[in-house]
Structure formats: structure tokens, C-alpha cells
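Take a look at this one; I'll ask things after.
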Amino acid sequence: MVLIVMFSKYRYDVLKRLGKYIIVRGIAILITTIIAIYIVILVANMGGFIDEIIKTEIQFNVYESIRNNPAYRGFNKSVLDEIAQKMIELEIKRFGLDKPFIYRSFNYLIDALTLNLGRAYRLASASGSKQVRIIILERLPASILLFTSIQLMLFFSSLFSGLYLSRKYGSKIDKIIVSLSPLSSMPGWFYGIFLIMIFASWLGILPYGGIVDAPPPEHPLFYALSVLKHMVLPMLSWFIAYFAINTYSMRTFFLMFSSEDYVELAKAKGVPAREIEKKYILRPTLPPIVTQLALLLISSWMGAIITENIFNWPGIGSLIWAAIANNDSPVLIGIVTIYAYLLAITVLLLDIIYVLIDPRIKIGGVGT
Amino acid sequence: MVKPILSVKELYLYYRVRAGLVKAVDGASLDLYNEESLAVIGESGSGKSSLAKALLRLLPRNVYRFDGSVYIDGEDVMKLSDKDFDSRIRWNKISMVPQASMNALNPVIKIGEQLAEPLIIHKGMDKNEALDKAREMLKFVGIPQEFIDRYPFELSGGMRQRVVIAMALITQPSIVILDEPTSALDVLTQANIMNLLKRIKNDRKVSYIFITHDIALSSELSDKVAVMYAGHIVEYSYADKFYREPQHPYSQLLLSSVPTLRSDKNIRFIPGEPPSLLNPPPGCRFHPRCPYAMDICRKEEPPIIDMERNSYVRCWLYAKR
Amino acid sequence: MIRIFSKFFRELLLYKSALIGVIIIASLIALSLYAVITIPYEEAVKRWNSIEYWEDFPKNAMPSWINFFTHKKLPENIVLDSRGQKDYVNKTIISLSGGKYIQRILFTFNYIYDDFPSEIILRMYSNSTKQFTTQITWIKPGEIEYILGRRLLRGYESYYISRDEDFLKRFSANLISKIGSRPSYDLDVTIALFAKEDLSILNRDTVEVSKGEYRVIVDILMGEEDINNVQIDAKLTVYGKVYGIAGTDHRRRDLALALLWGAPIALAFGLIASVTITFMQMLIAAISAWYGKSLDFIVQRMTEILMVLPFLPMVLMISYFYKITIWMLLLVVVLLSIFGSGVKSYRAMFLQIKELPYVEAAMAYGASSFRMIFRYMIPKILPTIIPSIVLSVPDFVFLEAALALLGVGDPQAVTWGRVLEDAAREAALYKGYYYWILEPSMLLLVTALGFAMLGLALDKIFNPRLREM
């Protein structure tokens, strides 16, 4: 309802132009996504090599099961071999490994694109399902919880402190933050190691890792508190790593924008400082900032792999790692597909939002 | 005796940079009467923009020294708190058309809203009232009223300049500072804007402070002239006298460097470059480039020497021995 | 040219942070040069991956400068080798009745530390294939003598003294009869061989080291025919708890080797990656912006594809599946990054530069494309790139460390990341081997800080809008 009202305000030709733009961008992004996913399929399967590994494993498992099956005792070797061959072929068919890789790769591609993510080779979800979709979905919330919190915390803290600092340019606190910015040359997980060392190993007041105490508390409130407790160190490690530099770049950003002529004129006009910040500094800078945030959020859901590893966080990051370590290509491809889609959609959405917010692009008028 | 509506006495503005102290305005004094227009002339870096901004208390970061007296309507506004200055003086008594007005308008807010803003803030009008007045103003400066809903980038340079002028006038201040109002425009638009300014001066009874480096231009619209050099006002006199008989050697050189259309003039130029405000030369700041430099000029800064009709010169040539 | 450079350099050093950064980087370079000169790369790799080289080094020993800070002095490593004339070893021949002889090797050493050694191993070497009986005697200060045991030596024998349970039983029995009560904790051989045998030995907290002169006698029984022909040697290693400037790891390796050689590798990896990627991105952006049309289109699509591909999982996959060396890893990282997001921003800059009047002028007089790109466009953008080259070096250094930490690094590589990985895998934090984690981390930290500070100062210089505004 709101959307219709919104759109009816605009002139028809603007809508038409918007629509064309969306479609063009959409197609371009779609093609990009397809190619990217195909590359991942190729790499993840090592050009078919993984399948050989799986095939060998199947052979081994089949022979083992035959040997251990009392029903097959006493049969002579050639008969056993025949039975084994049949079972192997069946298994191979089940995994879809009977056709040469190059054909299968395209099948994979179509499957991936339609989000038919298949079954994992080795991994399984906590509930026992081998469906890749379920495995991924199970892990997704943990990453989203942790990293969205981290990104939002960083975003808002650096936004407000950056804004504050841009007003106090040259002051002592400004200089302090600037001198702290080399802290970001080290990634968050690096500080994580130290934080674990200090707070878990030495002081023992915070957990080493994981998402919740073992055994987990029954009462939902205590469960939530336990999760929060486990989030402290990862969030702190990212905060230390990125607060200073984010504040620094926000502050520089705002500084550049606050030295614009129209800001000075607004000051001359006697516009109160609050208004200036809102209308003259924030509003023009909103598009690039929002873009940044959205892209950051999406990429953060991939769950910084190393951070999740160090903190034993059961999210997508450690799933990726487990998939690699277990040669589980379907899971890998599934994750990357979802990620590619997410990213593509975000980029498209951002293009649209950008157009809506920035009147210069919307109307595309004289002397843009 | 009529009192001036603006009286500046010994205004100083210094600010710090990494390399040292910039003395942008070094003891400037001037008077402006009702419906008078004062042209402030000088080269780039002479401190004229700083003077203008200082009058509106638009100070650079790292201000080191900012004192003196600025009497507007008899009140020393230097003594006012920032808040009072904001609400009573800014845009109420004195407004500004800034330099490089290409970027003076907020790109993401409609023109009407920006025009209406000072009215809402200073005159307590509500939005619709203010927008009505804005439409009137647009008409006055010669812009179609529908443009009230347009964004700045939809206007040409000249039109934007008119909007900025409209914005400066909308609260009917008594003093308007124009900082190089036409330097970013082509000559035709320039002429149009100048005409507009003249019309406004006659209709609205406004006093201008018109800052420019273009002497020819300044002669079109000035009753009084102040020549700035390296932070000092070196000559301050009435236009009719100034353009015929400039006193200060710098003014003389300036005027003789402007080509005239009909007479055959021996064009002179001024050797050397404008001094740095960080490290001005000792003594009279103009002495390295002055054709009449004397010994004393190299050692001591010339004082303000009052001449007839409330004008003055800062030059040892006119000192009474 | 040089004058511009030195003027720029002087301005740079005005910033304190740049000064510190330059000092740090210079020290790293010096360290790297030292590493490369003293131990060549292949040698370092070989050593790091060998077992025999480190056999006399203590396991998980702390750096020896720890002893400055503790009042309880931890023992250093003591290696006594009878090969070569040393004054702590004395070889004698004792003749017995019946044509039998004893070759006696006597080791003497002073033990002045406050804590017990971690291990004690005696290795014996003979150059004959015959089997000989040996007897090892241990003499504590105060002439307290113990026969540790008898071993058979054929060619080579290693006697793990500190794990000799038999001896421990005998010692405990002896102790009980000597003192009258049994200790309240489980003794081990090192304590047995080095503790004061009074009431203090009964309690773990009060047990004291008997400081003084220790003697170890290795007696080998031989016949007449062998006594002059067979060469017997022994090596007694009393493993300390501290070693060297950096301590040792679980494979007894002197961490200083890895820490030292980590420097040139980190520098090389980081710098090569950073410089190559930035330059390639810039080049691609320049070509794309200059030639426009279809070339530009292709480049843009490739950039987008690579932006959608998740970098870290791809690198992980490749290094895990294909088991690559560190230099192959470098190549992969570079290849995956050259169409990265930098291309988009450089391209935007180049598009702006293309519109500049002097570029137009050059086009007008017919400069070739090559000339345009290399002499006009790229030099204009160079100043802004330099800070980002410096600033991205730490990212790559940490990338290598991260991959090593995850276990997919080059297993043979001698880098700080590998040291961290070993430490993590051996649960160094749980076991309290903080130095093992802190040393490579500190080096990583300092490296990163150095480049970051220099980079940020460069940024302020080259990015004029960031200067005093």
C-alpha cells in the first residue's frame, strides 16, 4: 500500500527509466552470479577429482559391508565381486557419479541456481539430515546473530563517534583516535587469540568458545544470557580491531562533507548545529554510508571463517571449514551459491535504494 | 550626524596552521552607512574573504586571535554569545552571498525548502507561509516560481546564483556581504547578476559589502572602496575620489593595470607576488613591490593616516613629517 | 629526482608515526637479511622439518631470559658429549682381572639451578657391531651414588634415564629406608636424581635441588681384543626448561629459527602480494578506462564475478585440495585479487584523469596509447596508490598466518603462522606455554603496526584533503 502511494507520486517517465535500469542491472548481475557459481563448482570439485575420491570411498565401504554381512558368508569370490559391483554401481548412481564430470557440472549449476542443493557427501546436520539446505540453514542463524550484532555495533558506534569527532577536529581526543587506527592492521581474530588468553585462560571469567555453555541451560532466559556471555569476546575482538579505523574513516568522511560550501553557508544562516548535522551533513552522505553497511552486513553473514574457528562458533564460517576439511563439495557449493545470491540481491537492492535516495540520480537532470 | 549601520574597529583574525600563524585580518577598520555599497578590493590571499567571513563570525579552525569591535546598529556584536549571534545577527541583520556559489546549495534538498529555511528559523514563520515568501523571492530575482520544487543541480550556474542572492535577501537584512558573487560565471551572466544587484539595491534599500578582485566590476556598484593588502586595509575612501585619484601606490598600480576601452592607456602591472600571510615582509607589507618604497617603509609599518571626508591611507608617503 | 625524494622523505619523517613505522620496517629488513645470510632458505626448511637436528634440545622450553625475572632459576640445557676433547669429560681405561677391561667415561658438571631438568637422556655410540654391557652410575653432590642401570650397547643405544621406572622404584625404596617416610607425591626420576635427600623431599612444595657438582660414570665392559679397537662415545643430555632467545616447541625446535626466518617470508609474501596486486589492478583499470567499449565491459564483468566469489573460502579450498606450497599460495592470492574491487575505484579515477586538459592535449598531438597510459595517466594516480600498497601489506601477512592457523598452510614452511598453528594445535594456552603464542603474535603485531603507521602517514601526505584542512 505504502509502495503504491510512494510510486504514484513520481512521474511516469521516471518510473519507466527506473524499471529499465533495474532490469538491465538485474540481468548483468544474474550472469555474473551464474559464472561465479560455475567457477566455484569447478574448483570445489577439483575438476572431478573429488568424485574419484568419493568413488574410491564407495568401493571401500561396499566391500566392507559385504565382508561384515553374515548373509554373504561362504559365497565364492566372483559371486561376491558381482554383488559388490552391483552395489557400487547403485551407490554411484545415487550420488550421481556415473556420468563424466563435465556434464555433471552443468547439472550442478542448474541445481545450484534453483537452490536444489542436494545432499552432502559426508557432513550431516545436528538433526541428522544430510540435506545441504538443512545443514546450511541450521548454521545460518548463529553467524547472522553474531556478525550482525558486530556490524551494527561497529556501524553505529563509529558513526556517532565519527560525527562527534568531525566537530572536534584537532582536539586531543581526535588525535587519540587517529593514533589508535593502526590497531586495525590486525584482523579481529588476532585480538581474539589474546582475549581468550587473558579472559579465558588467565582470568577464567569468560568462556573459551562455543555459543552456549555445555550443558546448555534449560530456561530460555538463562540460555539467552549464556549465549550473550559467549558473544562478548568475539564482539570485543572485532570492536578493538575495527572501532578506531571505522571511526577514523567516518570522521574523515564527515570532515570532507562538512567543509562543503553549503555547510558553511548553513552555518552563516544561523541554522542550529543539530539541523546542520541532520540536513546538511548526514543526508548527503547517507547513500554511500548505507551502501557500505549493507554490503558489510551481507559479507559478514559468511561468518568470518577464522573468527568462527578461533571461537568455536557454530556458524557458516566453521561450516565452510568443515566442508573443506571433509571434501564435501555439495555443502561448499551450496554455501557459495547462497552467498552469491545474497550478494547479488543486495547489490541490486542497493542500486535501487540509491536511486531513490539521491535525487541527482533519480531525475538525472541538468549538469549532473 | 547619521550613524553608520556597520562600524568595524581594529578587527583582528589570526589562525594557526602547521607552519605557523596566519594573520589574515590585521587590524581592519571601516564604516558602512545605510544603503551604501562598499567594495573591498584585493588580490587573492589579501584577506578580503577572511574579513567578510569574520563579520559573520565564520571562523576557521584553529583560531588564534579574534578581537576588535563590530558595531551593527550601534551594538558591538563581538560581545554577543554564539547563541545570541546566531539567533539575532545571523541572517537577521547581516547575510552573505558566498564565493563559488556553485556549491552553496545543499544538493539533496529542494530549493524552496532552502529558501524558506531562514524565515522559519529567524522569523518564526510556518512552512507554508515561508514557502509563499520564497516564491515571491524567486519571482523577484527572475526565476520561474515552479522551480521551488526543483533541486539545485537542475539549475544553471546563473540561476543558482540568483537563488543564493534570493536566499540572502529573504529575511530583509540591512547588510549583505557579497563575496565574489560573479567570479564563477561567464561574462553575460555576470552582467545579468550585476543588474539584479543594482535593482535590489535601489528597491530594497540594502547595504552591500562587495568583495572582488575585479576592479572594473567593483566600480559599477560601489559608493565606497576599501583596498586590502596582506591583511591590512591600505586605502579606504569614496568611490568617486578613488577611481579618479587613488592615493596608495598599490591602488594606483591596480587601477593602471585595468585596460580601458576608449583611451590609450599605458598599462602597468605589479611586479612580484602577493606576500604570504604567514610571514609578511617587515615594515610596510607592500614595500617589496612598491615603486616608491623608502627606507622607513622597509622598517616600520605605516599607521592609519586620516585623509579628508573620513577616508584613510596606510602609507608613509602621506605621513606628516 | 633524488632531491624530490629526499624532500618528501624529510616531510614524511615529520610525522612521529611514520618514523616509528620506518624504524620497524627497517629492523624487519635487517632481521631478514640476517636470516638469509646466516642460514640459507633450503637449509632452514630442512632443519625446521628434521627430527635429528633437534635431538638435544629441550621440549617446550621457555626462553632463557625468563630467568632474569624469576627468583627460581630454571635450568638451562646441558649437553655433555665425549666426542672431541672437552674438559668436562674424562676417559679412562680400567683393567680388571681375567683379561677384561672397563672403558670409563666420566662426565662432570655443575648444577646450580633451582628447578629440576625436564628430561635426562644418555646416548651411547660404538663403532663396532659387537654387543657390550654398560653400567651407568650417578653421583650427586655429597657423594651420594646410585647405579642407574645396566644397558646393552650394540652400535647405538639411547637410555631414557628420566623414564626409568625400575630405577625409580629402587630409589623410592631406598629413600623410605633412609628417611623413614614416603613422599606425599609421585616422584619422578629427575627429582630423584637432583633433589636434596632430606625431609624436604617429602613434599612437592618443599623439595629442593641439591646444587653442586654432579658426576655420571659410564662404564663399558670389554674384552682385551676390543679395548684398543673399539671407539665408544657417550652423550649425556640433561634437558633444561629454558633455552635460547625464544624457547623451543613440542618438537624441540628452537623457535628463534622460525621467528627469524618468518621475517623475510612475511615481508616477501606481504610486499610481493601487495605490490603486484595493486599494480596489476591499476594497470587493468588504466587499460579498461583508456580503451573503453568492449574491453571495459569485459573487465567490469570479470571484476564483478570476482567480487561475488568469496575470497577466503576459495583460497581455503584451493590450498586444501591442492596441497600447495607457500609460493603457489602467493600466486593464487594474486590471481584471485587482481580483478578485485580496487579496479573499480582506480577505473573511476582514470576516467576522471582522461578528461584532464593535458591528457586531451597529448591525445591531440597524437601520443600513442601506450605512452598515454604509462606516461600520463599512471603517474597521476601513483601518489594515491602508494599509501594503499603499504597499508595492505599487513593484510597479506595475516592471510598467510590465518591459513597456517587453519592448518592449510604449507606444512613445510618456516613462518610465524606455522608456529602459531603448532602452538594452537598443541593447546599451548591450556598448558601455559604463553611464550609460544606470544612470540609469533608479537612479531606479527609489530610488523602490522609498522606498515600501518607508515601507511597512514603516507596517506596523510598523499591525500591532500586529509591534511590540515
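Each chain carries a letter (A, B and C) given by its place in the written order, and its residues are counted from 1.
One rule holds for everything that comes next: contacts are C-beta pairs under 8 Å (C-beta built on N, C-alpha and C of every residue); 3 or more make two chains touch, one makes a residue touch a chain.
This is a predicted model, so every value here is computed, not measured.
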item	value
Most heavily contacting chain pair (counted by C-beta pairs in contact)	A-C
Chain nearest the overall Cα centroid	A
Greatest separation from chain A - chain, by CA centre	B
Centroid spacing, where centroids are CA-atom means, of chain A and chain C in whole angstrom	34
CA centroid of chain B to CA centroid of chain C, Å	69
Interchain centroid distance [CA atoms averaged], chain A/chain B, Å	56
Of all residues in chain C, the ones touching two or more other chains	469
Touching two or more other chains - residue numbers and ranges from chain A	169
Chain B residues counted as touching two or more neighbouring chains	61
Complex contact set, residues of chain A against chain B	169-170, 260-262, 264-272, 279-280, 283-284, 358-360, 363, 365-368
Chain A partner contacts - residues on chain B that touch it in the complex	53, 56, 58, 61-62, 86-87, 89-92, 95-96, 98, 100-109, 117-118, 121-122, 151, 153-156, 164, 167
Sites on chain A touched by chain C in the complex	28-29, 31-33, 35-36, 39-40, 43-44, 46, 49-50, 169, 179, 181-182, 184-187, 189-190, 193-194, 196-197, 200-201, 252, 255-256, 259, 302, 305-306, 309-310, 320-321, 324-325, 327, 332, 335-336, 339-340, 343-344
Interface residues, chain C side, partner chain A - complex	17, 301, 304-310, 312-314, 316-318, 320-322, 391, 394-395, 398, 402, 405-406, 408, 429-430, 434, 437, 441, 444-445, 448-449, 451-453, 456, 465-466, 469
